[in-house]
Amino acid sequence: MTKFFQLVIAGIEIGSIYALVALAIVIIYASTGLKNLAQGEMAMFSAFIAYQFHAWGLGIWLALILAILTTFVLGMGVQQVVLKPVQDSSLLTVVIVTLGLFLGLNSVAGFIWGYMMLAFPAIFPEGAVEIGSVGISYAAIGVFAVLLACAGALFALFQFTKIGLAMRAVAYNKETSMLVGVQVNRVIMVGFGLAASLGAVGGIFAAPKLFLDPFMMLTVLIYALASAAFGGLDSPLGAVIAGLFIGVIENLAGGYIGFIGSDLKIVVPLVIILGTLLFRPQGLLGRKYIPRV
Amino acid sequence: MRKTTTRRFGAAALALSLVAAACGGDDEADAPAPAPAEEPAEAPAEEPAAETGPGGYVWDGTTDPGITDDTMLIGSSGPLSGPASAYSPITQGVGVCADYINGEFGGVTMLDGKTRQIEVEILDDGYSPEQTVENIRRLHEQVGVFATVNVLGTPTNTAIVDIVEDNEVPNILVATGATRWGRDFASGDYAYTMGWQPAYQTEGKIYAAYIADNFPGSTVAILQQNDDYGDDYVSGFEMGIEGTDIEIIAIETYASGDPDVSQQMISLADSGADIFFNVTTPKYAAQAMVSIGSLDWDPIQFLNSVSNSTGTVLIPAAEGGGAVEGVYTAKWAADPTDPALADDPAMIEYRDMWAKYSDLNTDDAFAFFAWNSCMAQKEIFNNIYPTRDSLLATVGNMDEINIEVPLVYAENVSTSISTGDGWPLEAMQVEQYNGGVWEKQGAVVDVDF
Amino acid sequence: MAKTTIIRGTSQYRSIVTVGFALLGLVVILLPFVMSGFRTFQFTMALLWALGVLSLNMLTGWSGQISLGHSALFGLGSYTTCILVGTYEWNPLLTIPVAALVTFIFGIMIGIPALRLAGLYLALMTLAIGVAFTPVIRRFKEHTGGSMGISIKKKVFPEEIVGLNLDQYLYFLVVIFAVVMFALARNLLKSRVGRAITAMRDNEIPAQTMGIYPARYKTLIFATSSMFAGIAGALYAFVIRFSAPYSFTLTLAIFFLAGLVVGGIGTLAGAVLGGLFIQFVPYYAEEINQSLAGMVFGIIIIVIMVTAPTGVLGLIKKVRARVVTVADPPVVRN
Amino acid sequence: MSLLEVSDIVVRFGGVTALDEASFTIDEGQICGLIGPNGAGKTTLFNVISRLYTADSGSVRFGEHDVLATPPHKIAGIGIARTFQNLGLFPSNTVLQNVMIGAHHRTKTEFLQAMFRTPAARREERETRELAIEILNDLNLAHVANSPAAGLPYGTLKRIELARAVAADSKLLMLDEPASGLTHSEVEELGETIRLLRDRYDLTVLLVEHHMAMVMSISDKVVALDFGRKIAEGTPSEVQNDPAVIEAYLGVEAS
């Protein structure tokens, strides 16, 4: 049983990271209708920025707050410079642009910080809460708490603030929003910055566990995309649940199913997700799109 | 930037000289061999009149493509981009090595007495085999290299091995520990591709022997990368424990690219094995050690040499709360981050030279790999006539020349294909990590094939 | 600039097109005799990528279904050939129909569940296939050679084939396949079936009321697209003579997608441009700056997309439109 | 005997009953106007007949076919064609292609024949093309035949849709507000066109339209719906003077 609980806890820990990046993807989708393939690389880049601030002598919490703020600004900049010119083009064009962004960020990070993994300073104290024979590390609790906090903040933002309402309006219908006086361009810009910072949180909190290198978020992105789709592309709550689910199921499958082993463990959550999507094509908590005639 | 420019300039110069060679090369070859006249002073006096190099190679005075009277052009391909980029210092190191040899010694002085500047063309394959195929063809056919050096990776080298054979361009000191390179090179099945580092299988056997001797009756749990590299280690280990009372009770695998290995480590811990054999690349090695630090499992750890760098693996792992004290490994070369070697003259020279000729991080195990390979390249190229056959004869009979690579544990780098020894390095030293230093355990183990 | 108008179907138009194609054909035929073996090989590779992009175009460009799994289909074709030639010593040419059949069946197997999904959800499903391909190949090591890959010996090809060396032979073989496959694709696109597929992409419900059965066409175009990818993969195995999991990762699928969009989605000529893009742009990006090649490549993609959202072909057409207008003849009753 | 027989159709969306036991018939060759205020269930009825919506109960008989037992993509095959209120064109295809797609169910070319351009496929393609050109000429659309449908004026698009429906060579043509968005003169012309098409192609027409003048001038028969129920049926003048109809429309006007 110890093994079981440890697998679940480890699954929640890594799943929280998938969920944070998935949240970033959902925010961009929900506020702009865009799918950002570079979300993971942006998160990785932010983690390097935090690393750099720390290396310059700032405390880790200060470094990560500064990195998140920097990312917010960078995210808005990227949207203005790179994505704005194509935002009315076809979906695929935009996806390919984010792919270009992906390649560029990866290459620049490697150029600046090298490809050798770096130890990212621990954010939470070492040690664990012992419950019976199962130890839950403070880091695992911390990451999970951060995820809940971010999800909560996001929920509040969307439900109770003007900018959140504007974002939802823009996602729902750009033209109408413009007519009722929403500054669409600004909303998209802020949405992008927000998503970038949320991804940054994911990247920074992943870094101590995964070790920092330019490829840290590569596979995480795939899991995050899967989580976002599984949860429903427009549902932050869905993204959180799906991210955690994938983390846990993947671990349990790898840990218990002999034939699957660790080799094919990535396949298990994907199969479950696809199975689910076949019956609920809009994702777990996504809104159903009814074609109008 | 600088490197690319010079290299491109070099390539242009080479193209010109190739044209020149194409126009006038034959005459030169037919001419009554001017080379003997300028026979170098350093040639041993007892050398017979016919010019004979290592391996009984007899030079007929010709020069192979890629070599002029004052230059030698070599190439390399490796992952400068993509998920395997961590290895890029090995590939880049070929260029650094050339700058170093050119800068410090004016180039390589071959057995024909001429000193030649080394020019290098390095190409990125992103660890994708078809890109390696394209690169190697470009190097052979377009760039016209004399040989390739340190081409990195098992699948990538497997993809090009036939092309190398067909084009008859030596591919020496390949940066992969697959067993086949030494075997096929010695047997002549693939006479143009030759390895460098000890085979992963050999290393697996060394751990098995060490465990059987020192921890009899123990059970082993293994974490391995699910590819040829992991399989080679594990199969070597399995061969080594055959007939002993050592038992493997759990094996978990991961794929390169996986975010982390917590699940595998939890499963292995659950087996409760006495020994943990860590067959992983640096990032996962560190993650595994961190996992052990947080799990209720305290095995004796064996860490493969791929990831035994103090500076880039053990220290980061320790900072992340990993269990690193008492870890065993086997090394075929010293560790540049070993504090005990801080004042070692050979290590100082490495650091000085690499800092002088590159911006590579000298703590990086792969940069150091490139340096050791460079030491061998220097001696190899100093001991050939300017032909590919001569190069092959030399690298196949390195027992005849004295190649000193001070920081590798093998007493000398040796091959002797006539006796079936196609592996340059086969000696390893088992060491244990204590208090931030690697301590030697027993003597250097030389595995004979 | 003086603007001229050329009407399609007129003798003037026909002669321009004929001369154009004749020149193109001449260049294509002469190329391997003028270029070095290596350059010939590069163009062969570019054509293989173009076929990969073409296969994706049939799915994504025509029917609007995004696939990130075409690397797996391409790989499946390549493995089929490598295994049949390498292990069972088949004649290489005979493996092509097998690769086509295997990928066609596989395409149907994916196509049927894919019917229920659209947009990003379908992309996710194909992504899963792309991601799962490498571990599955490794898992069936006995047949696939695992991560060591599986190779074909050069000697399965004769030294000289109708007076051509191997590079030239492979080049012409791929050219012939490419011409045939592009022609088949073009015929399909310009037919009742092609119209039905594009109609479905544009507006599915009205298409249904016209009698177009979406499930049938979506599955069949998925399978056909898979088959084209599989044939391209089989030809790839001829040229590279090696298959390893590392060659068919998601990166390849993404390159196909990039080639598709950069070349010009939905068009056939765009696929050729996409193939050339995949082959040559990273190569020159590396020439510009080796350590930042990825950044250069990324910037090139972004710049192309920002300046020409309809791809390079769209850009070419725009430029051409400044000089000549190509118009259709007026429609008259016969 | 009547061609189309709609009996007791009920459609519910959640708690809303969109069609409530609607029944009527159309005879072959008739132009039947279907009128009623917004939300009366006219388009819903169209969608039931073209099988885009599923009826909760009732039956639709078309000739000898049980419509509700026919899958949506086979509706065209039994001879029912339609247009859409908000246009159902294929914008990236040319006008000519749009019309040719209308003939999809009448043609047979499949993947292999198409790829290899078999003689049969070529003949069929030529015939389809000629047919489409013919229809385009009938509807004065020949000049835009090769333009993509996207970007043409609204009135033109409406006519293209009509042309496409005609190309289906159906027995029943269902037009969903063909006059909406047209100018006054265009509407008059449209009425003429519908009559002309009916005569030339032996069509039966079911027409949903708000433009009363046109409905009344071209229809042989008018059916009025309100709140999903049939409130009147008969000749245009009968229905026009039916108190229930007047009330329904006045009620709408009053609100």
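Order of writing sets the chain letters: A, B, C and D. Residues in each chain are counted from 1.
What we mean here is this: a contact is a pair of C-beta atoms (placed from the backbone, for glycine too) under 8 Å apart; a residue touches a chain by one contact, two chains touch by 3 or more.
Values in this document were obtained by computation on a predicted structure and should not be read as measured data.
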- [ ] If every step must land on a chain the current one touches, say how few steps get you from chain B to chain D.
- [x] 2
- [ ] Compute the centre of every chain as the mean of its C-alpha atoms, then state which one is farthest from the centre of chain A.
- [x] D
Task: Innermost chain, taking as reference the mean of every protein Cα atom displayed - done: C
- [ ] Averaged over CA atoms, how far is the centre of chain A from the centre of chain C? Could you give it in whole Å?
- [x] 33
- [ ] For chain B and chain C, let me know how many angstrom lie between their CA-based centres, rounded off.
- [x] 38
Task: Chain centre separation (chain A, chain D; CA means) in Å - done: 48
Open item on the list: Which positions in chain A are in touch with at least two other chains?
Closed with: 107, 110, 263, 266, 293
Open item on the list: If I count partner chains per residue in chain B, which residues reach a count of at least 2?
Closed with: 81, 226, 255
Task: Multi-chain contact sites of chain D, meaning residues that touch two or more partners - done: 52, 84, 88
Task: Interfacial residue positions of chain C with respect to chain A in the complex - done: 60, 66, 113, 116-121, 124-125, 127-128, 131-132, 135-136, 138-139, 204-205, 250, 254, 257-258, 260-262, 265, 291-302, 305-306, 309
Task: Complex contacts: residues of chain B adjacent to chain C - done: 1, 3-4, 8, 80-82, 122-124, 126-130, 133-134, 137-138, 140-142, 154-156, 158-159, 161-162, 166, 178, 226-228, 231, 255
Task: Complex contacts: residues of chain D adjacent to chain C - done: 50, 52, 72-77, 81-82, 84, 88-93, 96-98, 100-102, 104-105, 107, 109-111, 114-117, 121, 124-125, 128, 130, 133-134, 136-137, 142-143, 145-146, 164, 168
Open item on the list: List the residues on chain C that touch chain D in their complex, please.
Closed with: 184-185, 187-188, 191-196, 198-199, 201-203, 205-214, 220, 224, 266, 327-328, 330-334
Open item on the list: Can you tell me which positions in chain A touch chain C when the two form their complex?
Closed with: 35, 82, 85-86, 89-93, 95-97, 99-108, 110-111, 222, 225-226, 229, 233, 263-264, 266-267, 270-271, 273-274, 277-278, 281-283, 291, 293
